[in-house]
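Scrolling down, you'll hit the structures one after another.
Here subunit A shows up in two complexes: once beside subunit B, once beside subunit C.
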Partner chain A sequence: MAYVATRGGERAIEQSERLFREEMGPFDRERVVEVKKSLPYLIDRVMGEASLYDEDLAALALAQTGGELYEAVLLLRAWRTTQPRLQVAAPIEQDCLFTHRRISAAFKDIPGGQVLGPTLDYAHRILATDVLQGETYAPKPVEPANKPSPAYQPSVSAWQAENDLLDPPAEDPTKGNDIPDLTREPLLFPSKRAHTLQSLARAETGGVLALGYAAMRGFGQAHPTVNELRLAEAEIAVTHPDGRQFSAGRVKVSQAEVVDKKDEQLGIGYAATFGWNEVKCIAAATLDLNSPGAEKGSPTEEEFFLYHTEGVESSGFCIHFKLPHYVTFQSSLDAMRDAKAKKEAGAPKQQEPAE
Partner chain B sequence: MSLSTLTKPWEAMSYGFLDGSAKRELRRKMLKSVAVPGCQMPYASREVPMARGWGTGGLQVSLTLVNLQTRVKVIDQGADDSVNAASIRRFIARVAGTPTTMDTLEADLIQSRHRIPEEILREDQVLVLQVPNPEPLRSVQPNMSIARQMHADADYGRMWLQLYEQIVRSGRVMQGASYPSLVHGRHVMTPSPIPRWDVPKLHMAKHLTILSAGREKRIFVVPPFTRVEPLVFSDVPYKVEEHGALTCTRSGTTGFFMNEIPQDDGTSSFEISDSEWGVKTIRARDGEGENRGETWYKDGEMPQ
Partner chain C sequence: MDDTLSVLARVDAAKLKSFAETLIPDLGEIEVLQSQSGLVMLPMRDTAKGVAFHLGEILMSEAHIRKGDMQGYGMRRGHDLEASMAMALVDLAIAAEVRSADCRAFCDAQAETLQKADEDVLRRVEATRVKMETC
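What follows is the complex of A and B.
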């Protein structure tokens, strides 16, 4: 009987995948719809990190991976990257965002007003254990305000710029396909502004929070004041080949501006993402605020935080250590043993009294 | 004109998974890398349906190079049946319809992690090495942007200093795998974490070697007949792993890179790392025909 290489590997990986999927069992469109309906904030987080705005696909990715977030994001990214780039939508100004929530910590009141919108900020975080006893959790209906707040609001930084409190960033005239696209070009440093913002937009939430929090605690030079936090919907305006502009729909976006005193002017940090991701936006804007002039290799320096908050790369590399490394290990053992043997052979010499 | 005329009819997946724009970029970057041997070229590095760090760089190169006739071999740690090698081989065959093989001599394209096969590769073969960290200067300069400048200036002083310090402290260069090597007398590259045993195989080799780091988004190349010289001091010669005299307990082959297998009695036994070489040796021993090719190492020594 001839020796054949064992093909156990292929069967093993097939069965291990089956074992993983067994727990979720078969699923269909209904489960995807249920995920989408019941977990909108998780959908938002996944869409942001995947840099793909599609609630159905995000829900599908979550259902397919049993909620393994890194896997869900990878599924979506790998799908996204194969799709054609048909159009670049028109730029969106802040005052054109259909705003649901918009708050500023910098002023008691702001032009356009503070709009609390949907939030758990002031909820008492008490677990609704009644539900497990068979009760239905029925939230009380929202009572509309007598006077609705305006849907379109100016930005707080626009007011500050008018009052000579900050220098607004210079307008970038780059348009359409000339806008650098991180998903089609490598990230190089110093990073293009577009790449920085795109990279933060799709950064892994936990990673951005960890480094942003480090900056907030004191490992950064700037202390953020939330100038403005906004949850909104943005109109995606694209141009038909015949020249007409039309709306391809609205997408949920969130953005944060944070400021800090920098000599006589305010320094400003900015971040925006697909979906409503408040924590991520504030943390990312804090990193952006801290990055100018940050020391190379410090956590608030752009190369450091952009590389290390890239969730698909970091999670993939982390789990790759499960792969066999016995060749490299063997190579190290060889060097170690040889060095040890050399040391032992030379040991008597070292016992001679020093001169 | 309508939107539909601007795109193709929808398909679930392009041939070879990657779409045309991704493949075009890769081809350009590969050509550029051939033109400047050993120099790291940044590329977009698309996501593929595998986790970063699991061979996504090598995979993108393979997917770009294959056609329906390309016979593909995939190895991990020298073995064709390693689970991730099996997974990558299955994926390439699934999305590109390529025939696969385990025989080094039969393969047109070999994607490998951490090893170069023991049989000599030919002019018509391409070796794709998966690279976890493309930057040989990482241990002395973790910032990619500064390291890039150092390569531009051929500023390798700190690299030399690190090797010198190892000799002073430990009596030898302590680098295990990934031995830094000078390509074409200009760029220092990491040959990927292949053992020191394999580095001399790259020197003036007939085949094309493409090294690709998907997570780090860098590609670099050792073109055929290109000098690859491990960084060594003139009075401290380069030393490969002492495997030349070891014998494989399963196949009986001697003089190649081995895997050490710890035994219950505290000793070690050894098995050939290049699994297909082991298979061929056993077949030859059992009288089932000889199809072993010429090897780089002869009697455990690399001829100078």
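What follows is the complex of A and C.
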């Protein structure tokens, strides 16, 4: 691969950016507020992929880029590098999650029972075209129960470990700045588990789904059953300068456990992300479940799926191909012309080295 | 976890600012050590292997103030330096025993409001409880 600096086109470049932004027109705080209010699941997805939780910033990035998701995530990732890190919070424990949705496809009678929470799983997929004729779409209100749902539940896997269906996880005392952090260290292989899960948490949803789906369809070693899917709010447990720990607020998180029969016990895969994005979590947990022993270069091999689901790097690499490659391409043309000339002259064919 | 600080971090920003403003004359001169926004990294426990890993960072506002030997601290979600400073003022007032009864009453009332809001959410969640039967 060869690169070449080019000159010229400054006016065209400036006008092209203007042309892009002209379509959205001027925008203000009101538009940001409207984006935040009307598109909470898109906001969640962007915050997860940006690895930066703030609904206002995510809405601003969407408004500024006209919904070009890769650009919005890139803006947020770039912005976060300008900010100081104040603290590392205490790790979220599953039995401290304020739970909105908790379901299992493996066991119908999980301890604590199943709550569907907010979902379109069982909805008719009918487009509300009346809205385009001037009607208002007004969803029916929820009819609250008399008693509240228990807010806190342990993970289903903890119950399975108690019943000898799973190996209980080892205790990990790592905390604070000792937890491996991809924003400060490179991703190396074999990957540390903390890096793998952090990378999946900030991975691009479509990429994770594509590779997770490949594993589900048979290009993997294990078929997932959703052991637990949970949408919840997690406390941000920070420390006062005098040592007291307190919750500095809550953020929305999703997590999924998937299992498969492995010898006499269950194999388990896990993933979590910022915001409510269950497709990403199920697909990511499926990749985690399938990765042990995966063949090199297969979609379920960790190096393959971690590199290829990093949205900022993959989209950046993809779009760089549209930038000037004149020297490289000219060189390819020269080689083609040379080969053609030799063929016409009856010269013996020479194998070209791979580029 | 400290309940009072946890309530102050979640309470409605307008109510917190409005109450904290009334404490300023009674607190007298204070020193501002820090008033800034930044990021807090949030780790999570993996249920498969028990490993702690980073989910990502959260935009937070932080204030750290001092009056003599006493300190006040505030940290809340989002970019709102006034709200984190208001939290720090209430924390300092409690530590310095300045209008303690008013501060306690404010925190208790807000804790009740937050608890009721949580209960309302959980009643709506409970409405979606499902009991599956296999045929």
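The definition used in the following text is that the second predicted complex is superposed on the first by the 323 of 355 C-alpha atoms of A that agree within 3 Å, B and C clash if a C-alpha of one lies under 4 Å from a C-alpha of the other, contacts with A are read in each partner's own complex, and residues count from 1 in each chain.
Throughout what follows, a residue touches a chain if its C-beta (ideal position, glycine included) is under 8 Å from a C-beta of that chain, and two chains touch if they have at least 3 such contacts.
Just so you know, these numbers come straight off a predicted model, no measurement behind them.
**Q** A:L42 contacts which: subunit B (first), subunit C (second), both, neither?
**A** neither
**Q** Touch check for A:M216: first (subunit B), second (subunit C), both, or neither?
**A** neither
**Q** Please work out whether A:L86 is in contact with subunit B alone, subunit C alone, both, or neither, and reply first, second, both or neither.
**A** In the superposition, A:L86 contacts both subunit B and subunit C.
**Q** Name the contact category of A:P241: first (subunit B only), second (subunit C only), both, or neither.
**A** The answer is both, since A:P241 touches subunit B and subunit C.
**Q** Contact-wise, after the overlay, does A:A59 reach subunit B, subunit C, both or neither (first, second, both, neither)?
**A** Touch partners of A:A59: none, neither subunit B nor subunit C.
**Q** One more residue to check, A:T328. First (subunit B), second (subunit C), both or neither?
**A** The first partner, subunit B, only.
**Q** Touch check for A:A232: first (subunit B), second (subunit C), both, or neither?
**A** After superposition on chain A, A:A232 lies in contact with neither partner.
**Q** Between subunit B and subunit C, point out the one touching more subunit A residues.
**A** C
**Q** May I ask you to decide whether A:I110 touches subunit B, subunit C, both, or neither, giving the answer as first, second, both or neither?
**A** neither
**Q** Check subunit A for residues that touch subunit B in one structure and subunit C in the other, and list them.
**A** The overlap between the subunit B and subunit C interfaces on subunit A comprises residues 80, 83-86, 183, 240-242.
**Q** What does subunit C use to touch subunit A in their complex?
**A** Residue positions touching the partner: 1-2, 5-6, 9-10, 36-60, 62, 64, 71, 73, 75-79, 91, 118-134.
**Q** Using the touch definition from the top, list the residues of subunit A that touch subunit B in their complex.
**A** 2-10, 12-13, 74-75, 77-78, 80-86, 183-190, 240-242, 296-297, 303, 307, 312-313, 315-320, 323-336, 338-339, 342-343, 346
**Q** Quick check on the complex: what are the subunit B residues that touch subunit A?
**A** Touch residues, subunit B against subunit A: 1-3, 5-8, 13-14, 17-19, 21-22, 25, 42-49, 51-54, 56, 76-87, 90, 102, 113-115, 132, 142-146, 170-178, 193-197, 215, 217, 239, 241-243, 250-251, 257-260, 273, 275-276, 279, 282-283, 286, 288.
**Q** Under the definition above, what is the set of subunit A residues touching subunit C in their complex?
**A** The contact residues of subunit A facing subunit C are 47-48, 50-54, 56-57, 80, 83-94, 98-101, 108-109, 113-118, 142-151, 155, 157-158, 168-172, 174-175, 179-183, 193-198, 201-202, 234-238, 240-242, 244-251, 253, 255, 257, 268-270, 272-274, 288.
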